[in-house]
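This report concerns only the one structure given below.
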Amino acid sequence: MGDNLLSLILCTPLIGVLVLLFIPGTMKNAIRWWANISAVAGFLVSLPLIMNFDKSLDGYQFVERINWIPALGVQYLIGVDGISVLMVMLTTFMGMLAIFSSWDSINDKVKEYYAMFLLQQVGMIGVFISLDFMLFYVFWELVLVPMYFIIGVWGGPRKLYAAIKFFLYTLAGGVLMLLGIITLYLQHIAQTGVATFEITQLMNTQMPMWMEQLVFWSFFLGFAIKVPMFPFHTWLPDAHTEAPTAGSVILAAVLLKMGTYGFIRFSLPLLPNASADRTIVNVLVVLSLIGIIYGALVSLMQQDWKKLVAYSSVSHLGFCTLGIFALNEQGIAGSVIQQINHGISTGMLFLIVGVIYERRHTREIKEYGGLAHVMPNYAVVFAFAMLSSAGLPLLNGFIGEFTILQAAFQANMAWGAFAVTGVIFGAAYLLWLYQRTMLGEVTNEKNKGLKDLNWKEWVVFVPLMAWAIAIGVYPKPYFDILEKPVAAIVERVNGPKAPVNAAVIELKKTEAR
Amino acid sequence: MLDTMFFYMFALLAVAGAILTITMRSAVHCAISLIASLAGVAGLYLLQKAEFLFAVQLVLYIGGIMVLFLFVIMLVNLDSAAKERQFHRRWAGGAVAAVLAGASALWLLSKGAPSFGSPVAQAAPSPDGNVEQLADLLFRQYLVPFELASLLLLVAIVGSVLMAKKRTS
Amino acid sequence: MNFLELIWLIPFVPLIGAGIMLLFGRGMPKQLVSLISPGAVGISFVLSLGAFVQLMGLEERRHEVVLGPWIEFLKADWGFLLDPLSGVMIMVVTGISFLIHIYSIGYMGHEHGPRHGGFYRFFGYLNLFVFFMLMLVLANNYVLLFVGWEGVGLCSYLLIGFYFHKKSAGDAGKKAFIVNRIGDAGFILGMFLLFKLTGSLNFGEVSAALTSGNFPVEAAGWGILSTTALLLFVGATGKSAQIPLYVWLPDAMEGPTPVSALIHAATMVTAGVYMVARSNALFALTPDASTVVAVVGAATAIFAASIGLVQNDIKRVLAYSTVSQLGYMFLAAGVGAYWVAIFHLFTHAFFKALLFLGSGSVIHAMSGEQDMRRMGGLKDKIPITFRVMFIGSLAIAGIPGLAGFFSKDEILWQTWSSPLGSHLLYVVGLATAAMTAFYMWRLMFMTFYGEGRMDEKTKHHIHESPAVMTVPLMILAAGSAVGGWIGVPKVFGENGFFQAFEHWLEPVFEPAAKVMATHGEHHPSHAVELGLMALSVCIAIGGILLARHIYLALKEDQRPTGGALYPVLLNKWYVDELYDILFINGLSKGGGTVLAAFDRSTIDGAVNGTAWTTRMVSKISMWYDTWIVDGLVNLSAFFVRAASYPMRFLHTGWVQSYALIFVAGVLAIFGFYWWGR
Amino acid sequence: MSSFYTATDHFVLLPALLLALFACATLLFDFWVFPESQRRKHLVWFVLMGEVFASVAYFRQHLFLSQHGGELQAFGGSLVVDQFALYFHWIFVASTVIAVIMSYKYFEVRDEHHGEYYGLILLAQCGMYFLASGNELVVLFVGLETMALTFYVLVGLLKRDQRSNEAALKYFLLGALSSGLLVYGFSLLYGMSGSTKLSEIGAAVANRDSGDTVLFLAVATILSGLLFKIAAAPFHMWAPDTYEGAPTVVTAYLAVASKAASLALLLRILLGPLASSRDVWMPILAGAALLSMTIGNIAAVTQTNTKRLLAYSSINHAGYILLGVVAGNQTGIQGVLIYTMVYVVMTLGAFLVLTVLCRDTTTGEDINDLHGLMRRSPAHAIWMLIFLLSLAGIPPTAGFIGKYFIFLSLIETGHYWLAAAAAVYVAVAIYYYFRIVKSMFVDKEETEMPALSLSLGTRVALAATGAMTLGIGIYPEPFVKFAQQTLR
Amino acid sequence: MLHPITINHYLVLSVVLLAIGVIGMLVRRNVVVMMMSVELILNAVNVNLIAFSKHLQDLSGQIFAIFVVVVAVAEAAIGLGILIALFRNKETVQVDEIDLLKW
């Protein structure tokens, strides 16, 4: 088992799907049970991964290699480093919770729903463990289809628009990225004569700067749309708003991370020169900053609860990309941690919207108000999620945001200064949302009889809250596990010498110690 | 010289027939013009020492196809069809495009005409024509297309019967 | 028992209390809540006391406990630092908190939250607050300090919005949180810059680096240090309600009165002062930044005091008073007299807590009435409250012998005499002192003297508060009375005990002192000092008398109206309105059409102009997002769809048009030939 | 030319002979051998038997070639069997088999019986045989016409249906025009070289400089004829109308087999005799490819008739295939071959599902007819989804592998902009393919429609195409190897 | 005037016939006449082939021409068959009235 652990993690949901197909569609509860069992199993089998992961080692662990399409140089090559191991854990964990949270909310086409969800798990895990670029790409695209259905079949009123927009947007990015991958691959062949998509090998490719930049932009399109970065973000609010709760959760918690993960795993190490290019870094940072501020501003104005949370994702992911393109160790590590944080906090926020949506079937903020009176526990959980999202110290959001801010500041003070405003706005839109929905008198008669959280909902929220606190109070394990891979990436981008900061403080005497 | 005269005569016949084919109002007249045109081309075949083809042209085309055409015209021809406009409303566009295409082709040919070089020295024409040689070629080198042509004709027979026959049930 | 090693328990005991309250408190009887929650703070107080005493016995008077790593690369550990400064702070925090917890048992016992059981929630929040406040003062690095810093902001938010069914309470809480966040943004940047400069955010290491001599004093012009200092100060202005970020504090009075006393008077708002004092090594190196601090402090002091002159809400008077007094503290810090700032913080904690709790007692007696115009003549009906308030008012007015006198007078003297100070600032400080005396006694006269102006029903209900409330009042009154004697001006002779406060804090402010020493000592004469002292006493008494004259002697219609100034002051210098005009009306007149779209009701919901600018921008952003960014996407989709029709309609069904296109295709190929060559 | 009909000749021609034989036999048996009631069933089995025989013959050729390598020439070089030809032969066999299986049920539903149909399909395959194996202009031309004429008839097979008549007529008229131009180009080729053999023409063409106008005229006319056959823009106009009007099974067969055969011809000519004038035809093909993708994708966006939609999709795929020819290197041609195979499989699959939908009550042609398919018949819906994903080129389906090779070759040869355009059109394509998906999975049917029952043959065919579509996508190694070996 | 006839004359004639045929395809409404135009086109090809055959002294051109004739015959047969089938249903041979299939 130890040798094939990753394959096992990858296959568990797949086996789940296959068995699911043989359960008659009318046995809804049996389907639910089985889907949940598969998801829990998926999480359980991923536990040995983090337990046996040796963070003191460089490079990849649990590597499995099978020649898949030798004619093209494509291998089934999977393995994890510190970054991906966190992502895999996030995926299995959030997937488990998301699946559990759908128990009551999905009553139509239950079998298909769970099948899609589990299939999506496979795709996402695959994305995070692939060490072969083509394998990665296959999983990358594989994720699209289940998500399309999750949004398009079980979604809200404008689900089809949202679903196809999501699909088209990300697919277009993905295909253009494929062109970049191919260019890289061909360059590698031209130089070494070896046809391979293995990323560690592709790293040896030397390319002229213009070509490297071209490839970078092509990767950029793929990843930035997925993240999504500022001008490519408009699919996100629609997709989030229309998706069923669990879909939104998994979309926010895991799917978007594929983009940032792509930047970290591929753009930076494979194209170090382009990634360090001033113009490119500036463009990306500026887009991130715009995303941070713009996402927050737009959030402020939303009348739709879920859309607000969706736009806040744009803002949060702006932090993630900012961290990446600060191009220093704290930035990337912070970015990864922030990605997890965003998964937890925004996941919670979506679950919270889902709880109320299920009771009232509307997401209009003005329909609510004073919910704290009728649903006190709900209000507490919401407050917790809100604070976690707003980056309150001792909760998870703070660690990521603060680290990223520091890293950005380290790279360029102006970046840090602009990014900090996102922290203010972040508090503003969330508090305002909280006030409009939770506080005040209960104005709407329909809200008077609402039930507070039931045990199933608690079961989902409690682990998330615990995790949020755990990261906030003791983030060291995360930093530790990220240390080696992040250092390797930074060294690759910035060269072996200490990073040269853009703004070196000029002191009259010797430099500060 | 005679060749030249004949050429122009046949060519004129062919072209005039062709023009009439596409301009005459009645389909029957068109068919007759086409016969003239085909006859002109047949004459050209003769000029070019393609006697066998000349014969084929006369027998097969004029004797065969044109009868078929006329037959069909008779079959489907309504008097009303003859009274209709023979050109559709936007005929000018089509004509201009085709003329342009033809002119371009001519221009291209005229530019490249020298590339065909001078004619290969003529062997002494055999008195009984070249049918024999032709047959030899056809049944040896072109055996495959010959056999294939039979399939083609089979398709044509089956197809036209299938299409044209009335549904029995 | 080694209390020094247990200092980390000081914050965590209240945290446990908070946890118990918030998780299990709902089912608990009130008695149990009243036992656990104040008890937890009591334990903290005992631990603090023990640690404080043991600290006195230490050679170096500094003890650090590191529990473990937190954010390693910033050198931010779970580290706790007990030194004289934090020692004073934990004593103040735990002490005052304990008293206020006790008081609250009585105060909140009568009040129910919006839903049954608000009692436990209140104590949960209060405990949580104490936890964060203690984290703030005990942290050994800036990041952990920031934890407390944000945490107290959160608790402030929660407690201001405690009556969350009231919209105004929710608004006020949100305003507080967001305004604080603006300050925090500056603070965060300040921290980053500091880290960049010194490579650490540990107090000790930062301080050591700054005093290592590698950093010259930025006497002339602005440098990186000044920027850093100012950024930190921006954070302080947010938390400590200084211009321009003071706007949240008066609104914060929406919260229950004990909260106002604890958070918005005695402890949390002083965090900014604490932080500036903690960063004294930095501020000392940046005289210009220090001057900014002093000027802002002085300006806030007089500005807030002037508003306080005319407020009619008893708690609002105290709120503006708090802002004003905090201005004093910054004035002191700005002129380099850090210990005085902390000293005033210390004394202020007593008398302002006292005054707030007293006012709470008054409000309690008045069945919730807060408007002083409907009070009067309460002197005899609630005698204990009256007496303790009397002491507090004297103290804050600066009557010699009481706590306020020593600290305030020391500030004024330092302002006059410090190399960083100036006589102009002194004058401002003096004027503020006069106003302080006036408004405090205006409050006293309007509340306790003269005729009762309340309606009959209320009058009937007036009663003295229970002992659980009055006892803490009395303890605080005692503190207000004698608390100043450990910081007697040196002009009265130097004696270990009477200057204990200054000496105690000396090691902490050593870095600043070192730098200040380079400015050169100059010793103004004792005569001047005594003269100024007399002046300020006279001024204070003058203020009291004036208030007595106007509010006791004169009838209502005879009172001077204050002319044109009165409405200005009453409307708080129109600052909120100014924000409105600047950011809303100006724009609305300029771009009426855009604003026409605005929903009037949401405008009402706007807490202030800044929020409105933001909202305006965000509305534009959203518009932009919907119509431009997304619009482009939809537009291209639309174009594809639109282009689809002509392409489909090429297929007219008419075969000759197809043939024509075919020929056109051939022509196009020919065309390519000409074009291509 | 010593012997008249050698063993080699026989060996090479055998599959065509068998096919012709079975075709004639089918035509005859239709009249009197098989009992009326079971005639259709017997005919299907008989045709399949013919395919088996042909396959055996092909297989023997295949074995021979893999043992001896190179190619087999017959009839003085008129016919040639090489791996390239065999590759296409296999495609023809496969598509014919599936088309025949599809037809059984379809014609029953449409209440049309034409025994000739089966004969004609075999005759069409015969024509295709000569297209793929012909090495000489006359063979190619007559082969092409054999195939084309058969299709004209097949398209018009539903004689009572005006739309079918009309489709046949339109296809015929335009087809005649295009083959006229094509053969005009052939005549010029002949004029330039004095021979009808491709190898000799190649030699003559190579002697001309690339600016030669006659050569250009020949290329232009030949290309317009060939592009017409593979339905590439701007010579695509016939396709939507013909696809729509023709019986669905014929549409399927036309879309795959005719296109594949014409492609074989196109490759034979462009990579054979015209290889040296690459500079002339490459830009034309690039333009046609771009135009095809544009028109195919964009016009399909608002199309509501599924057959028309698939017609546009096939125009689009023609564009992609041409891009591989534009790239023109080893990878590109390999891409063309793989793409063609993939295209055949997935298009047949998609049409299979449409055929199944064709019932008394519904033609299955409108996109609304697919409403609620997921509920009515999940298996079909899922198979259709897989085919559509493949058509769009989403991994891990076969379509992706095809597109991948096209992209690969384009980038390899530096055609970045073409690659980018091709990539962007993938997204556009998804839009309309997913309108079908939406219709199947999301929309509810307005009227209750009966659940679908399937004949065994359809099941097998569906499973086969589906398995191929997924199989090539998930484990493309053998197919890629196959294509590579073809080009060696 | 009477200069010797070269291959070029034939080529020109061929193009002219071809063009006329194409024009006929494009402008005539009667399907039967359109089919005649197809015959014209194929004849143009034959003129070409024969001319080349003569010019090059190579008989295969003639063979090719024969096959073209055969194809023309077959095409005409099929085309006319289709036309008859259509005519049975539609009662028209005017091509612009045949537009059921569009868009």
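Per-chain residue numbering starts at 1, and chain names A, B, C, D and E are given in the order in which the chains are listed.
Convention: a contact is a pair of C-beta atoms (placed from the backbone, for glycine too) under 8 Å apart; a residue touches a chain by one contact, two chains touch by 3 or more.
What you are looking at is a predicted structure, and each value in this text was computed from that prediction instead of being measured.
A.B. asks: Which other chains touch chain C while also touching chain E?
C.D. replies: B, D
A.B. asks: List every chain that touches both chain A and chain D.
C.D. replies: The common neighbours are C.
A.B. asks: Can you name the chain whose C-alpha mean lies closest to the mean of all the C-alpha atoms?
C.D. replies: A
A.B. asks: Name the chain whose C-alpha centroid is farthest from the C-alpha centroid of chain D.
C.D. replies: Max centre-to-centre separation from chain D belongs to C.
A.B. asks: Work out the mean Cα position per chain and let me know which chain is farthest from chain E.
C.D. replies: C
A.B. asks: Counting C-beta pairs in contact, which two chains come out on top?
C.D. replies: The chain pair with the largest number of C-beta contacts is B-E.
A.B. asks: Approximately how many whole Å separate the CA-defined centres of chain C and chain D?
C.D. replies: 78
A.B. asks: How many angstrom lie between the CA centroids of chain B and chain E, rounded to a whole number?
C.D. replies: That gives a centre separation of 6 Å.
A.B. asks: Averaged over CA atoms, how far is the centre of chain D from the centre of chain E? Could you give it in whole Å?
C.D. replies: Centre-to-centre distance between chain D and chain E: 27 Å.
A.B. asks: Using CA atom averages as chain centres, what separation in Å is found between chain A and chain B?
C.D. replies: Distance between chain centres, rounded to whole Å: 71 Å.
A.B. asks: For chain C, which residues are shared contacts with two or more other chains?
C.D. replies: Answer for chain C, listing residues that touch two or more other chains: 648, 651, 653, 655-656, 659-660, 663-664, 666, 670, 673.
A.B. asks: Mark out which residues of chain D touch at least two other chains, giving numbers and ranges.
C.D. replies: 138, 141-142, 145, 149, 152-153, 156, 159-160, 168-170, 173, 177, 181, 191, 213, 216, 240-241, 431
A.B. asks: Where in chain B do residues touch at least two different other chains?
C.D. replies: Each of 88, 94, 97-98, 101, 105, 108-109, 113, 116, 141-142, 145, 149, 152, 155-156, 159, 162-163 in chain B touches at least two other chains.
A.B. asks: Among all the chains shown, which pairs meet the touch rule set out at the top?
C.D. replies: A-C, A-D, B-C, B-D, B-E, C-D, C-E, D-E
A.B. asks: Going by the contact rule at the top, pick out the chain D residues touching chain B in the complex.
C.D. replies: Counting only chain D, the residues touching chain B are 1, 4-5, 13, 20, 23-24, 27, 75-76, 78-79, 114, 116, 119-120, 123, 126-127, 130, 134, 136, 138-139, 141-143, 145-146, 149-150, 152-153, 156-157, 159-160, 168, 191-192, 208, 212-217.
A.B. asks: In the complex of these two chains, what residues of chain B are touching chain D?
C.D. replies: My answer: residues 105, 107-109, 111-113, 115-116, 140-145, 148-149, 151-152, 154-156, 158-159, 162-163, 167.
A.B. asks: Which residues of chain B touch chain E in the complex?
C.D. replies: Against chain E, chain B makes touches at 1, 3-5, 7, 11, 14-15, 18-19, 21-22, 27, 30-31, 34, 37-38, 41, 44-45, 47-50, 52-53, 56-57, 60-61, 64-65, 68-69, 72-73, 75-78, 81, 84-88, 91, 94-95, 97-99, 101-103, 105-106, 109-110, 113, 116, 119-123, 130, 133-134, 137-138, 141-142, 145, 149, 152-153, 155-157, 159-164, 166.
A.B. asks: Of all residues in chain E, which touch chain C in the complex?
C.D. replies: Touching chain C from chain E are residues 22, 25-27, 95-96, 98-103.
A.B. asks: Which positions of chain D touch chain E when the two form their complex?
C.D. replies: That would be residues 137-138, 141-142, 145, 149, 152-153, 156, 159-163, 165-170, 172-173, 176-177, 179-181, 183-184, 186-188, 190-191, 194-196, 240-241, 244-245, 308 of chain D.
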